[in-house]
Each structure stands twice: as structure tokens, then as C-alpha cells.
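Quick notes on the structure that follows.
Read from first to last, the chains carry the letters A, B, C, D and E; within each, the first residue is number 1.
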Amino acid sequence: MGAVRRIVLDHWKVVATFAAIFAIWEFAVLALGVKPYILPKPSVVMTQMFARMPTILDGALATLQPMLIGYVLAVAVGVLLALLVAFSQSFRETLYPVIVFLQIVPKIAVAPLFLIWFGYGLLPKVLLVFLLSFFPIVVSAVSAFRSVDTDIIDLARATGAGPGRIFWKVQLPHALPTLFTGFKVSAALSATGALVAEFVASDRGLGYLLVGYSNNLDTPMAFATILVISIMGLALYAAVEAVERIAIPWHVSRRNTEPELSGNP
Amino acid sequence: MGAVRRIVLDHWKVVATFAAIFAIWEFAVLALGVKPYILPKPSVVMTQMFARMPTILDGALATLQPMLIGYVLAVAVGVLLALLVAFSQSFRETLYPVIVFLQIVPKIAVAPLFLIWFGYGLLPKVLLVFLLSFFPIVVSAVSAFRSVDTDIIDLARATGAGPGRIFWKVQLPHALPTLFTGFKVSAALSATGALVAEFVASDRGLGYLLVGYSNNLDTPMAFATILVISIMGLALYAAVEAVERIAIPWHVSRRNTEPELSGNP
Amino acid sequence: MSISLRNVGKTYRRGGMATHALDRVDLDIAEGEFVAIVGPSGCGKSTLLRLLSGLLPASTGEILVNGAPVTKPSGEMGIVFQAPVLLDWRSVRDNLLFQVEMRGLKKADYTARADDLLRRVGLAEFADRYPYELSGGMRQRCAIARSLIHDPVMLIMDEPFGALDALTREQMRLDLEALWMATRKTVLFITHSIDEAVLLSDRVVVMSPRPGRIERIIPVAMPRPRGLEGRKSPEFMRISDEITDIFLSRGVLTAGVGAGP
Amino acid sequence: MSISLRNVGKTYRRGGMATHALDRVDLDIAEGEFVAIVGPSGCGKSTLLRLLSGLLPASTGEILVNGAPVTKPSGEMGIVFQAPVLLDWRSVRDNLLFQVEMRGLKKADYTARADDLLRRVGLAEFADRYPYELSGGMRQRCAIARSLIHDPVMLIMDEPFGALDALTREQMRLDLEALWMATRKTVLFITHSIDEAVLLSDRVVVMSPRPGRIERIIPVAMPRPRGLEGRKSPEFMRISDEITDIFLSRGVLTAGVGAGP
Amino acid sequence: QDKVTFRLNWIAYGFHTPFYLGVERGYYKDEGIDLTIGEGQGSVRAVQTVGAKGDTFGLADGGSVVAGVTKGAPVRAVMAVTNSSPYALSARADSGIKTLKDFEGKTVASAPGEAGLQLLPALFARNGVDAAKVKVLRVEGAGKMVAVAEKKAEGLMAGLDNQSITLPRQGVPLVDFGYAANGVNTVGLTIVANEETLKANPDLVRRFVKATVRSFQAAVKEPEASIKAGQKVKADMEADLAMAQLKAGIGLMTSEASKSLPMGQFALKDWQDTVDLMKQYQDLQTDKAADAFFTNEFAAKSGS
């Protein structure tokens, strides 16, 4: 099938783009004589990173755990909350504003409190990742659940099925494309979430390492750490996208209708 | 019209919910004898806040500027990027991964670098707010622009109109509901963005105040500051929601179809 | 399944605007009866379907199914909506099986039946396609097959043959008649075709323009099967003319002028 | 506007699956001619519309409009799609004016015309309603009015009267005939009604089932206006029978059996 | 063996290695203490967690202890690690700044809300500098150092055991003006314990202090061994840097007032100064006496 080949081709372009960016960066640092503590050359970042791989890997492992658990929690709780908000008027009027408020309160400011309340363990980190990333899921899911065509809802209701079944068979599949935009935004946020949690409430992990490196003005290692956490975030994002591809093969945005919009190459 | 009355009623419920939360909080602190440096009573937070209103207001004003400019920038650039990604295959294959990467890189980690690159004025703060909040807009906009019914696109193309007009008259209005979920998520993020920017580099603003208060363990004032920034974020969010109500009166989720889903009260 | 409508009315409201769609409709449909409804566009036929099926509450009056008031959809009906309303994300076969799943029945028990129905409506080859790959008429046929898969005791069909070509339409009509004769389901059949109404039903309900009321109810006493030859019977002609006359009496056809300059 | 199709074919592909929708179609439509297309469901009529209007590229062959190959939609046509395709977020009037806006014309110049057209299709009262507040037939009438508002030089209509009741349908036919006689636009009219095809067109194109081919092209030499009386002319009967025979020759109608147990 | 957790004031760096040395050599075990050392996120945090009994002991500077206690945290300093404050105002060596007075008309980089920054007016006042003539550029963490390296600022708020070492290693030599050396001393790092622990288990506190004093004595004698012990726990600790930090920290262990006291003991004057300075410059409101914040009871008993 062409799909596999297309994915490979896609990835070639992506790789090329990133390679180009790194090349320009390397060259610019060289040409402009930028000091390494301001912006290290990518080559230096790489060398340093490989040189201290064990430390970095340790940190990455420590960070991965709260990031993944927090994200999964965000997906589960986010969808659940969205359900309550979308289908119950009283929840919409009481719970939703609280959720919005929860989202808006800068978690980074309250993070230290978490540490005091929950100690230095996994819990405060998971909670922070969760709090930082659940909201996009709620918002997109609420919007998705509430915008199913009335025609389709009528068709479903006419079968005499209860709201539960209507949800599973109609609203959920219909909502998936929008839902996944929320999942993706959240996935992208969860790396930041884990890092922030470790800045303020942890004694291990990449965020923790990063604080140390920047404190010592070890910019190459700081960049290496940022690179690794970003790659972890990207991996999660890519995984969510892969699931999306499998879960919604039918969506309009994936149909390869023959001509694109007129005027587009 | 019933709309005004309904909004008032809605707000009553919201106010009641928040009042209940504060009451429980106050009571819990009292009953459990929680120390004020760990979790102050809301009544103390309020008293302190009003006592030092001028300082707080000053800070709030300073924070408002980068928050709003950054947000507006996020909306404008976010939609623009989404356009490029949605309508150009080559952008989708090269630019989009870079955008995703940009989003995933924890901005908080690179924030100090911004200072060095862009100076110590308003610019780095605006940039941080922008970078922290533009991504949800891009993702939701891309998904929105790409999921217009092919029937409707055909109708539009058949008029012989160019892609620009098709975009303005069809894709944009069709995309608005999804677009607004992105706008709302971003609005909720922009307060955090402004705060983070001020943590890292500022000599005024709420973030600056907050750092001072927490260093001195002045937890009541720290909470007061968090409260004020959250209210600012909430105000922006509410403003975006108000615009949404005006901009998309037609959306399914707003039609008051007579019965709700069977089985729902 | 028997149905009674008592003084049923429906008004749609939005903001300050109101559309009076149905007004004082009284109608009884006996168990096993085939009733056709004809009436001008916008007279409230689809509204009636939504009221009967429990999808929409009536504004006034009362609707009884088997003597009990309708409060919500029961799932005992097979409904063909005016638009095909297929689920984008399901293949044609799975659109049929949707009915089965929604009723909590076992899919496996119905796949053979689904394929059989698809064959009957000429979509056997398209069982694994998605709705967007079908033509207009094919979508409608898919919707018809879907309304039958769970073998409902009552059928409500809203212009089911509207998007079909003359020949397919005729074939579907014959199939429906045969089905009815074999099973004696209660059928409510909304159509724009006077021919179809007369050829299929025991009684034709003729409705007046908005707000929709029942203008006349005409019993059709023709022997069955009426098949292809039905059109030639004098009874058919008489009733068709009667209905046409009712329609004509309302508005005079003008040898109209097209849109201006 | 004259149109030529030369050996046009169309195959839809998805993954490994292919649907051969049109095969070797040759057709010339002269400027000012009224051509009707009839054919069984799924034979490629809507596909033909999409090819002609430049919405879809042909897989083989060539389509010329006024001698130039079609590469993209030109905007000079008025199109009625098979489904009404109204824009949810616009009122009925604004759905008409959509055409005007998309062509960069001044809305103000066309509002009166929009209201006039809405009156003609019986939607005057509904100008400020939204599409979801219309009945099926009303939506279709809205789509018809929309195809006329910019006074296109050519009309392509895909079963425009499919969802209308017999009377409204007849009225719309008379209106269309009058419009054509007054303006002599080139018209391509896809329909399932043999009557309509014969009563309206200069030539009827009869298509065969998938892959769609042109089976026969029948000129209709009846004087105009054919009006209400057209059905009684012997020429009408002859051509109708000819078309029915073509259809019948392809599949024998079976006094079918309904869906199984 | 008592299970004990100890919260550092910061990410482990050179001056923390004596604690690891103590663990490695079994000094804590000898006192019946099974010690777990956790790295930290600032003194304030350490005071909070010890106050909330999340950790048994913590490492925190005097200012944080005073702030915490006045806000109701039930903690007390039980041992002095450094009696001198590490705060310094430093300038680039090539900036021409030779005295504190020279800072007039210059720019100083500082993180927002930093303790050293809050006490800067005191430093200026006691050294006859016109504070109004010194511009402060607020930047966080690494940005502060980069600002100096990039000549966006001539000086910065430094830590003698921190930026004062890091920046020169990046090729930016500094001149340091230590607060303590210039008449503005506040108590440096202290071991804090919860008041309840003091009451319920004074013996544990005594033993912990004793082992800690022993650890630091060993580190002063054998700094290399201390660094090695640190590296065993934190593999990427850079030996040179850590050594410089350790040495700088050792240099801060005594203050003018505590010169003659045994290791681990406080001088009341240092606390008095700390409280007075904070009252004057950091908006501290308390009527607690200076001796409410610390006790020498344990360090005295464990003193060699």
C-alpha cells in the first residue's frame, strides 16, 4: 500500500527540515561568533549529550513516568469532565466555570504548595502534569460532544437506545476528530508540565537537571536536556497522532479527494 | 428577551459555586488548623489583598500589557500558520513539524535566553506569552479548516471564486466553532504565559510581586497575587466567549432544539 | 401496532418567531394498515413523522401508540428519514448494522441479513464503501435497507423513493408491497407521488398547506397485489384524479414566468 | 455557452478499490439548447455534472466549454446540486446572496432580486429563517433560487425537483420552461422523471447503468410552450414509451418479494 | 537505626558533599541514623517541608528560617553550617569597579525577589553608596550571569559559592564584595528541625548534629574525599567546580562574631543582625527575640 511509502516520504521532508535548521544554527553560531553560554553549537550539544548519556537517561526515565501518567489521567478525567459538562446543564453551570478557573490559575505559581502538601514523590508531579494538560481536552471534547448534527442524533434516538449507547455509537465517533485536536494539544503540553513540575517540586528528572545546568551556566548541557525533553514530548505527540490515524480513517481531512482546493499546488 | 435573564441566572450559579468553594476552604483551614504559610484562609487573602490594593493594581496593569499583546499575536499568527499548514501540502510537511516542535520545547526553559536575544523590555515577555499560547490555536484551526464538507466546498468552488474568497466566506465561518475552542484554550494559557515571563525577567508586574512574596513566605499575598492574575485570565477568557457568542449564533451547540437528548434532565 | 392522533398540533419557536406547522390533526391507524400521506411541501409531513416516532413533543393534543401516550422513541419502528442521514464513519454495511448495535442485538446474527438487504436494494458491491462514495440514489437505498434490518413491527417512511429513478422506484414499490403483504406491518408512507400513494396504501391522507391539516382521507379499495397493472384500474384513476383535484383547488397552476431579468 | 464532451471517462479510486463511473461519453450541447439526462441511479449523472462544472477532473477524454478545455470551475454556471447544500450559518436570503458575494458582486444590487426569487419559489416568508428551519422541499427550492440569482448563462440542475410535491413540481417545471423560453440559456437537466425530461428538453440523453454510457439521444420535436397539455401530445407518449422501453430492456421488473423473515 | 530524611537547600553542589561524605563513611550510621539526603528547591521550600514534617531536617539560610518562623512554621535552627552569608555584589573585573562606591552609575543584574537584592540597600547604606544611582536589571537564574558576560550589566547579585565561581570559569573574571565582609552579615546555612522533633526526640537531633559536625570536619581535612563522595551520588558533578564551591563554602563557615565558637554553634549577634536587617529592609514584622530562631543546645553538647 501507498500509505507506508507516503509516511516514509513525509518523514524524509521532516528530517530534511530539521537538518536544515540545525545546519543554519551551527553555521550562524560559527559565523557570528556567538558565545557557547548564550547559544551553543548543535554539534557541541550533541557531543555533550552523548558524553553524559547515563545521567540524561536517568533523568529522562524519572521524567517520563509523571509525564505519561499525568497525560493518561488528563485524557481520562478530561473526557469524563467534558461528558458531565456537555450533557448536564447543572454541571455546565456550576462545574465548568470551576474547571476554567482551575485551568487559568497559573499552576506554576501553586506548584510549590503541591510539594508541601504531597511531598517530593511522584504525586505532585503527576498532578501538575495533569493540571497543565487536561484543559484543552475538556474544551475540545465539550465542543465536540455538543455539535453532532441533529439529524444524526434523531436517527440514533429513534432506535430507542439510551443516552449511553448513543454516546458510544454516535457522539463519541463523531467527536473523535475534534477530540483528537485536544489530545494533541495536551500531549504537547505534558512535556512542559513534567518539566515545570520538576523545576519546582522534585529532586530528580530532566527539569531538575536543567536547573542545575543553567545555574552552572552549562548551556550545552542545558540545551541537551531541553532537546531530550522535547524529543520525549514529540514522541508522545507522534504516538497520539498515530492513534488518531488508526481511530479515524474516515475523517474528511483524511480523504484524499482528488483535486485539492483550486488554486493550491 | 430571555437571554439576559438566563445569563444572570447562570452567573448566580457560578457565584454560588465559587462561594461554596471558598467557604469550604475557609472552614477546612480553620478546622484542620492549617498554618497560614502553607495555606492561608481566603478571608485573610482577601483582607491582605484589599490592604495592598495599589501595589497589586500596579502589578496587574504591568502584566496586562504583555498578556494582551501576546494573546492577540497568538491569535493572528496562529490562524495564519494554520492557513499555511491547512492549504499547502509542502508547508504541512515541513513547517508543521517545526511548529509542533516549537510548541513542545518547554518555553520556560528557554525563557532566559529570550532576554539575552531580545533585551529586557516588553518584547521577550510578549514573545513568551505568544509562544505559550499560539499552539492550541494552530492545531484547532488546522483541523477546522480541513474538515469542511466536500459538498460545501464544491458549492463554493463552482462559483468560480478564488481560494481567498472561499476561505473568507466558507471555510472561516465553518471553522469558527472549532477555532474558538482554540482561542479559548489559548486565552486560558496566556495568563500563565505572562506570569512565567515575569518570573524570569521583570522588575514589575504580578509575576515579579509573586516571586517576592513567596521568597518571604508571605503566602497570603502570594495567593492574592495568584487570585488577581487568575481573574485577569478569566476576564480574557470570558471576553473571548462573549465574542464567540456574537460570532457564531448559528452553531448546533447553541440552537435550543426543544428536547435535550432523551434521558437527560 | 396501532396509532391514534388526537387533536395534535405543533408550533416551532425560535426567539420571537413561530412556525405553525401542524394544526388539529386527528388520525387513527389500525394495526397492519398501510397509510399514505400526501401534501404540499412544507405542510408538516416530516413534522408528523417526528411527532409519531417520539422524537419531538407535540405542542397540543395527544399521540397514542397501542393506546399508550408516546413520550420517547421506542425503537420498535423502522424509520426512513427524508434525508438519508448515513454515518460518515461507517461503511455501508455497518450503517445497516448500526440499527442492530443500537438495539443491543448481536451484530453477527444480522450480517447475513444486512448483505441480503443490500443485494435487494442493489448495493451488494458497495457494502464496504463509505457513504461519500455513493450516489444520491444509492444513499437513499442504503437508508431504506437500514430501516428494515431489525424487522420492525411498524415502518414510517418519509419520501423513501424520492431520489430514485423511475425504474428503480417502481421496483422498490413492488418490493415494498410484497413485503407488506407477507408481513402486514403497520406502514405510514409519506410521498410526493400521488401514484405511489394510491398504489400502495389502504388509505391516502391528503394534507392541506401550512399549517398542515388533514384535508381528506381517501380509502383505496383496490385488490392486491396491485403490481404494475394497478395504474390501469379505474379505481386508481378515480382516486388519483380526486387527489389532484384537491391540490388544484388550492392553487391554480400558472403557465408561469421565469425569474426576471 | 456550448459544451463538448469527447470520449470522457471517470474512475474513482480509493486505496485499491476503483469505481468506474463513466465510460467513453461523447456529447455536444449547443448554445441555448435544453438537454435532459435520464438514467438509473448510480449511472454517473452527478459525476457528469461535476466534470462539466470543472469540479472534478476527468480520468480520460476532454471537456470543452465554448471550445476551451475545462480546467477549473468558471463561475458562469448556475448549478443545483442533488443535495440542497445550504450554508447552516446563513439565513435563507443570505444563502442566495452567497452566490453574489462569491462572485464579488455588490450584495445590495441583488437583495431585491433575491426576495423576488424567494417569492417565486414560495419562500418569501422564510427569507430570514435558517436552513434547519426549512422542510426538505423548502430547502430544495432555496437551492433552485440560489442557482438563478446571478443570472447565469448556463444552468446545470441535478434532480432539482426531486423533493417537491406533484403540484409544486409541475409549477416549477412551467416556471423553468418559461424562463428558458424567455432567456434561452443553455440548460443541462438531470432528472429521474421521464415526463419531466420529455416535457422540458430539446433532446433527452438516456444513460445506461454503471459504468455510465450514453445509450441513446432522443430529440424532442414538440412545440413550446408545452405547458400542462404537453402530456397529452402523441409525440410525448411516443418518446416516453421509448425511454421506458430502454429502461425495461435492461432489467425486468419483478413483482418482488420483501425483505426476508 | 532511626530513619531520617534531610532536605538540601538546593541541587547538590560542592558544598553539599560533606553530607555525602558523612553517609559514605558511616558517620550517621555510627549515630544510629539511617539518612536519606534529598536535593532541594531553595531554602524557603526546605523550611516549609520541615515545618510540615515532610522531612526530618533541612538545610536553609538564616533569612528563610526567620521568615518561616515568623509566619508560623514550627522550626528552629539547630546547627550552624555557615555563619556568614554567601551574598556578594560582584562586578566584572574589566568594568573598572574597585570599590562599592564605583557601582554608582552602573547596572547590576539580579533575579527578581532575591534575598541579596532585598538587602542591597543595607549594603549600600553602610558603605556610603547612593542606592538611587545604581540601576538594577531583573533577570532570573542563568540569565543574570549571561547579562554580565554579555556586558548588559557590569555587576550582579552573586553567591560566593555559586556565581562568583561559575562566571570566572566561563572566562568572565569578577571582583566580589561579600556582604558579610562589608558589614551586612546574615546567618548563612543552618540545619533546621521541627520544634516537635526537638521536644519529642532531642537525642536524635543531637546525634544528627554530631554526625554532621564530624562530616564537615572530615571534609575540611580531606576535601578531595568529600568531592569523590559527592560524585558517587551525582555522577556528572564536575570535580573542579565542586571543589571551588566546597572551598568557598568552607570559607563562610565562621563569621566575625562566631570566630571563636566551635563548629556548628551560632553567635547570637549574627541572628540579631539578621533579624534587624530583615525588619528594616524586608518588611519583617515580629516581636520575637533573636534567640527564638535558633538553639546552640545541640551543637554545644555535640561539640568535640
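One rule holds for everything that comes next: a residue touches a chain if its C-beta (ideal position, glycine included) is under 8 Å from a C-beta of that chain, and two chains touch if they have at least 3 such contacts.
What you are looking at is a predicted structure, and each value in this text was computed from that prediction instead of being measured.
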(message) Quick check on the contact graph: shortest path length from subunit C to subunit E, in steps?
(response) 2
(request) Would you kindly state whether over half or under half of the residue numbers at the subunit C/subunit D interface are used by both copies, giving same or different? (result) same
(message) Using only Cα atoms to place each chain's centre, name the chain farthest from subunit C.
(response) E
(message) Just the number, please: Cα centre separation of subunit B and subunit E in whole Å.
(response) 40
(request) Could you grab the centroid distance between subunit C and subunit D? Build each centroid from C-alpha atoms only and quote it in angstrom. (result) 25
(request) Can you check how far apart subunit B and subunit C are, centre to centre, with Cα atoms defining each centre and the answer in Å? (result) 49
(message) If a residue has to touch 2 or more other chains to count, which residues of subunit D qualify?
(response) 14, 72-73, 83, 132
(message) I need the residues of subunit B touching at least two other chains; which ones are they?
(response) 38, 112-113, 116, 149-150, 157, 166, 199, 214, 251-252, 255, 262
(request) Return the residues of subunit E touching two or more other chains; collapse runs of consecutive numbers into ranges. (result) 48, 52, 141-142, 146, 150
(message) Under the definition above, what is the set of subunit E residues touching subunit A in their complex?
(response) 11, 13, 38-41, 45, 48-49, 52, 54, 141-142, 145-146, 149-150, 162, 166-167, 169-170, 235-236, 238, 241
(message) With touch defined as at the start, can you tell me which subunit A residues reach subunit B in the complex?
(response) 10, 13-14, 16-18, 21, 38-39, 87-90, 93-95, 97-98, 100-101, 103-110, 112-113, 116-117, 135-136, 139-140, 143, 146-150, 153, 157, 162-163, 166, 177-178, 180-182, 184-185, 188, 191-192, 195-196, 199, 210, 214, 222, 225-226, 229-230, 233-234, 237, 251-253, 255, 257, 260-265
(message) Considering only the defined contacts, which subunit C positions touch subunit D in the complex?
(response) 12, 14, 17, 19, 38-42, 45-46, 82-83, 113, 116-117, 120, 122, 128-129, 133-138, 141, 148, 151, 158-159, 162-171, 174-176, 178-183, 192-194, 225, 227-228, 244, 247-248, 250-251, 253-261
(request) Spell out the residues on subunit A that touch subunit C in their complex, using ranges where they run on. (result) 149, 151-152, 154-161, 165-166, 169-170, 173-174, 176, 248, 250-252, 255
(message) If we count contacts the way the header does, which residues on subunit A are in touch with subunit E in the complex?
(response) 35, 37-38, 52, 54-55, 112, 115-116, 119-120, 199-204, 208, 211-212, 214-217, 219, 221-222
